[in-house]
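By written order: A, B, C and D. Residues from 1 in each chain.
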Amino acid sequence: MDRRSFVKLTAITGAGAALASCGSPENQLIRFVPDDDLVPGVATWKPSVCPSCAAGCGVQVRVMETDAEVVRNGQRGVIKMRVAKKLEGRPEHPISQGGLCPRGQAAIQITYHPDRIQHPLKRVGKRGEGRFEEITWDEAIAELLVRLDALDAASAQDALVFLTRPGRGVRHRLVAQFLERFGAPPQVPFELFSDDVLRRANALSFGREQLPTFDLARARYAISFGADFLGTWNSPVANSAAYGRMRHGQPGIRGRFVQVEARMSQTGANADEWVPARPGTEGALALGLAHVIVAAGLRRPEDAGRPGSLIAGWAAGLPAYTPEHVEQVTGVPARLIERLAREFAELGPAVAMIGGAPLAHSNGLFNALAVNALNSLAGSVEKPGGMFFMPQIGDAIFRDAERPDRQAPRSIDRLAADVLAAGESPVEVLLLDQANPVFASPRAWKVGEAFDKIPFIASFGSFLDETSILSDLILPDHSFLESWVEGLPESGAAAAVASVAPPAMRPLHQTRAMPDVLLEVGRRLRRPLSPPFPWQTFEEALQESYGTLPEGEDGDVWSAIQMRGGWWGGLPRREAEVMREGRSHPPVDFVEPQFDGDAGVFPFHFLTYSSQAFLDGSLAHLPWLQELPDPLSSAMWSSWVEINPKTAQALGIAQGDVLDICSRHGSVRAAALVSPGLAPDVVAMPAGQGHRTFTRFASGRGANPIEILGPMAVAGTDALAWAATRVRLARVSGPDGGLILFAGEMREHPHEDHGR
Amino acid sequence: MARKWGIAVDLDRCTGCGACVTACHAENNIPTVGAAEAARGRAMHWIRIERYWEGEFPDVRVKFRPVMCAHCDAAPCEPVCPTYASHHTADGLNAQVYNRCIGTRYCANACPTNVRFFNFFNPAWDKPFHLQFNPDVSVRSVGIMEKCTFCVQRIKAADSAAKADGRELKDGDVQPACAQSCPAKALVFGDLQDPESEVSRLSKSPRGRPLLDLGLLPKVTYLSRQTDV
Amino acid sequence: MTAAAPRINQDLLRPLLETSWRFYALVLCLGALVAVGVGAWFYQVYYGFGVTGIRWPIYWAFYITNFVFWIGISHAGTLISAILRLVNAGWRRPVTRCAEAITVFALMIGALFPMIHLGRPWLFFWLIPYPSERQIWPNPRSPLVWDFFAIATYLTGSLLFLLLPMIPDFALVRDKTTGWRKKTYGMLALGWQGTPKQWHRLESAMQIMAIAIIPVAVSVHTIVSFDFSMAPVPGWHSTIFGPYFVAGAIFSGIAALIIAMAALRRFLHLEEYLHPVHFQNLGKLLLLMSLLWAYFVFNDRLMIWYGNEPAEMAVFWVTQRGSFAPLHWAMIVCNFVIPLLFLTHKRVRTITGCVIASVAVCIGMWLERFLIVVPALGHKYLPYSWGSYSPQPVEILVTISTVAAMILLYVLFAKFVPIISIWELKVGEQSRLPTPEAMREHPLWQANP
Amino acid sequence: MKGLYALYSDPSEAQRAVNHLRSNGVAQRDIAIASSEPIEEFEFGQRDKATWLYYIASGGGVLGLCAGTWLALMTQTAWPLPTGGMPVVAWWPNLIIMFELTMLGGILATVFALFITARLPSRGAALYDPEVADGKILVGVKNPKGDAIPALTQALRVDVHTQVKLL
């Protein structure tokens, strides 16, 4: 009889829960002596950094002593130890400012996840079968060394590929340096919803290859082109805090906010005015606004400066972008365009934002450049209430050559193509850290097949996901609470910020921090790295980098950092750097966005979007997020495809019906969610679900829209145009119970249409 | 003077992100029931963000509205309870005494806002999730009702801390998990008896109204969205 | 008069003395059903309340429906027989006991449901005011505690009201039988002799109880209605609920009584005693109640419709047009149309007609209770929190088995107790003799000054 | 010799027998009568109408009322918990409990009074005959004096058929 029914029984027989504990296995386990002295029942707060996204929110961890089941030198037993109880935003931290998003709140479940990999694993079954055996760390590291030494012996160092999530901190520099000194190509960063297009555009317009920060707190007017800046994009917590102040922070002023997008996002749901524009025409709309502003003489074209000069016909006042013409392109009424333009120019300070889908069309770069031009036309760049670029800690602590974000990496799709092209895989050893491209990349890229060809894959992951299940060796990393953790926010605050924190608790399982493993491997290679790393541990590496930051008033900077959970403050402003591709860039003009799939066969735009709960799916394994009702659909534990009521009616589709969504590259199956929040020719589907293998909570749940995306790239970049796919719908059956909604009704007065 | 804890919800700040919902789960050991049970209407969210669509495409709007127990001073859930499991405390909290609850579920029926939740089964946490339990909050067993407590454990902790260093509790010393985590600071918690507290200031705002006007004296005030200029 | 006595005795004692295999078969089947129900309930207690269809926000459904329904049925007997006693309607004599039996058993079953539906049934006794070591008593402000007092009073009253007139009949059985029966019934008869004194005391007591039991009966179902009307729930929070519920209770009660009587008449061959006229009269009464019920329903609905208060209208619409409409209109047919068809005209108001109408009414009244409990809970003020309910096997089994339990108890009762009050019947048969000489000759007050 | 009695099928005979017994000077309390149903029409059936039973019932009611009031007050004040903004002692709800217990008191008092005054339960008394069950009416004399028996027998024998039994 399991413990639950035991408890039930005792409850029925009226016996207290005291009895129940006798049934639990803890009592048969031996007790270890605690490693550190503890005060029972007293909570202490320790700094840490939220790992859920790149925003780098500083959090504080509530730590208390608890009995935990652990393994100490091979012996399973119970020990009293400090464990994390709750995460909260760190009030003094410039990004989180005391707040935290649902993903940050749920991040603590990563540490305690029942399906976390608890010790090194070696594959025993067929690749991808998921059968592994437990091995010791010595065996594991030895195994890895054998492979690397083999490469070295065959002087095939470039056959080593390190796949990771894009990052900017010491951890990534360590990896970069390791590869460099080993002689391997730079690490391959992968992130589905990456903002490289915007960075690129900002590099062109402003000479800063970086995400912008928006000073909403002091803005009176904000217009966002598809940017879900309150939900999942850029730095949501910081943006939300600023948004709150924009609405009611400044006495007497309530900032006004307009959202332009084809499918209403959580951010759009908060807008005073929601303007649906045809997918991929957002840039044209921005220029339409610019046209009106210039034509009305509210600003002179020159005011736009360099960003304007990147737009064809700018100096001439954008003759091609009359409201009437823009109306035809975007579907936004001319009068509305004029009004928005006047509001934008007159209700200053005003700021324009672009993010998400508009950047993920074939003409995404143009859209970004157009919005940049609009911002500088309104004089909103580097001005209060406008947009600006946050000084980067990296600029201060890394020599340029060392900045991990400076290397030109190989993109994942090219990697896959190369591997599949050659008869014998050019990649012999693949190291995985955090990224999960097999799940989060279009099926058309064939990443899975490519990885299958790679002879040896080792993963540092903590969970068996679609990518790490292919690995032959798993060296599980600590969770962020158990190890040194850092985050270098790219945006979100006025001052430069580095979020760095020591471990908040001791490891629960036999895991090791990836950087430490890398350092040890570096030491033990047959031919040592040249030059060898000067540090024994990741901590030393961190200290060397961040220790160079200017002293605060509270003495030694490194101990201050450990105490505050990071460093923030003023840094000497850097000159806008020279762009790699030279100062001149041909002026860009609006070109109709290209779509994957012929409109005749595939009548609907397919907008997949970053899920409020799971982002690109990397958080789908956390039950709190699975059961968190989606802000707009109120769905839990499910995936769905949003359809405009008109479309649904035309196709005879009802709420919950099972649909096949077919693109040129395959089809996925999901439940229909009839929603007024998107255009009739658009269907939208959140990413995140549809994992084949990703812990007991996410595996086999829902469908993965990324699979059927077309492999189209954003012109002028090699970023994936993930919003440029067209699909058709086929009704499969009535509701199968797959769509689980928390809400009963979607409208407040569902019966008001009834006459009496 | 006895305190009267209350919350002011600024609907003009709330972005509907759901941070409060997850924070509440983390703070109060609220179980996740899983897909099958959630589909049968057993999901538990002491605080939920109600979403209401208005209008049709393209003129469509959405209202977000966080709903948690309003700890009404004339709470209909209290007198109907035959065992006093649901009653009013000195500082105006609508207490739910888990050990005293026998599960008539009458309180939940009487509550006009449906903020009370029933434990249909003994909650289960796959190990080692249980290590995350907040020791200040008891885990509820099968057959009893539970609901938002205004994080009474935090109030008690702040009280004893204040007593320890012999000072009065001041505005902002206590923050329930939801208000604490809200990035946009849409939720403001405090003592409504203290005219200086931010919550009483906000609750008096002309934008402020109760969620339902049933004369139940709720202590959660909603500052309605300011319509466009 | 004495001429009738032996025949009456023989007819009415036959069921006690002769037993056919059918009886055992019936008891066996019913017993099995009851066992299944008990099993289902233990299953629910063991695995948790989740095995029912209850969900957020519909926390009451089948069980509470059954509770209200059975308490309603219980208004058949005691109330009716009390009224008939007071107005001294002669035709009541064969009816009273089988009516009062319904009351007692329906009450017992109805009173089970508040325990069956508890989340932690093993603590049900916290509903009862007993001196606990914690000095915590039940909350007298809670309608559930009112329920406890009302039902306790009504059950005690009805039980005594049923038992007292049984004593003389037990004495009769004692005298007419031998062996274990003689012993048992001898004990039950409490040494009844039938002296004039005893007769008078008994009759006066019955008179008083009749007076006392009527307000109690009315209060019981009013208080049951308070369970709903006290809560600020659209569709519940209504002042009309008290009389509305009482009327409905008597309505379903009479229906149950008619069905029971028809069954007794058929299977115990009591054609001599339960005449068509009884059904005629009860049929008229049922028709009256049907009209009264319709009147209350109309009042209730008209108020809501006319007031057009959004929250109230939400519930209104789901019952009128929405997912509950089929049940709602079925209820109207069962409780109003069918009774009207079968009870208005003397021709059709035959025994069969009355039984058909009664069955319809029982079904209709169950539906009515269900439609009061569930749609309101599923559609409170905030549409985001609306929900729908579908019953699960456990609830259905328990419901069926309580019906079986009711029949079982009734069958056993009819087996061991004269289902028609024999002595009262005899009194009814007394031929009205002219007052004889003897009385004037020796008036009482002269006999012993 | 506990008593002697006769059975009559006709109440008027029974009435005559009773009258004879009286005229023989048998005291009312010694005359035993039993029938299988109440008999209103004849003098012998007309014994004291127990109107005072109503007062007992009312008394019981008053007791119940007091009990109810006390219970409601005591339970509310024993651990004074405020609920729903109501006063700790809430009279409106209390009235319900007071009412129910009043009625209960009345009913119980009535039943007790009945049992006591009607001597129930009692062990099968002196003069009884199962034939009563068939509608016969028993008239008899409890423990008559030995010498009076012939006269009483005569008195009971209202006509030739009646046979008088001795116990």
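Operating definition for what follows: contacts are C-beta pairs under 8 Å (C-beta built on N, C-alpha and C of every residue); 3 or more make two chains touch, one makes a residue touch a chain.
Treat the numbers as computed from the prediction; the structure is a model and nothing was measured.
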Contact-richer chain pair [B-D vs C-D]
C-D
Taking all protein C-alpha atoms shown, work out their mean, then name the chain whose own C-alpha mean is nearest to it.
B
Intercentroid distance (Cα basis), chain C paired with chain A, Å:
66
Using Cα averages as centroids, what's the distance between chain C and chain D in whole Å?
29
Based only on mean CA positions, could you tell me how far chain A sits from chain D in angstrom?
90
Residues of chain D whose C-beta touches two or more other chains
79, 81, 83-84, 86, 90, 93
Which residues of chain A are in contact with two or more other chains?
8, 11, 634, 743, 747-748
Where chain C touches two or more other chains at once, the residues are 47-48, 120, 136, 138-139, 141, 145, 383-385, 387
For each chain, which other chains does it touch, given as pairs?
A-B, A-C, B-C, B-D, C-D
Sort out for me which residues of chain D touch chain C in the complex.
9-12, 15-16, 19, 22, 27-28, 32-39, 41-51, 53-54, 57, 71-72, 74-76, 78-79, 81, 83-84, 86, 90, 93-94, 96-97, 99-101, 103-104, 106-108, 110-111, 113-114, 117-125, 128, 130, 132-136
How about chain C: which of its residues touch chain A in the complex?
45-48, 120, 122, 305, 308, 310, 313-314, 317, 321, 378, 383-388
Name, in rising order, each residue of chain D that touches chain B in their complex.
79, 81-86, 90, 93
Considering only the defined contacts, which chain C positions touch chain D in the complex?
1-6, 9, 129, 135-141, 145-146, 149-150, 152-153, 156-157, 160, 164, 167-168, 171-172, 175-176, 186, 190-205, 208-209, 212-213, 215-216, 219, 223, 423, 426-427, 430, 432-433, 435-436, 438-439, 441-444, 447-448
Chain B-facing residues of chain A, complex:
4, 7-8, 11, 17, 41, 64, 66, 68-69, 83-89, 96-102, 104-106, 108-109, 112-114, 230-231, 236-237, 240-241, 243-244, 247-248, 254, 256, 264, 266-267, 269-270, 272-276, 508, 612-613, 623-629, 631-632, 634, 636-638, 644-646, 675-680, 696, 701, 737, 740, 742-743, 746-748
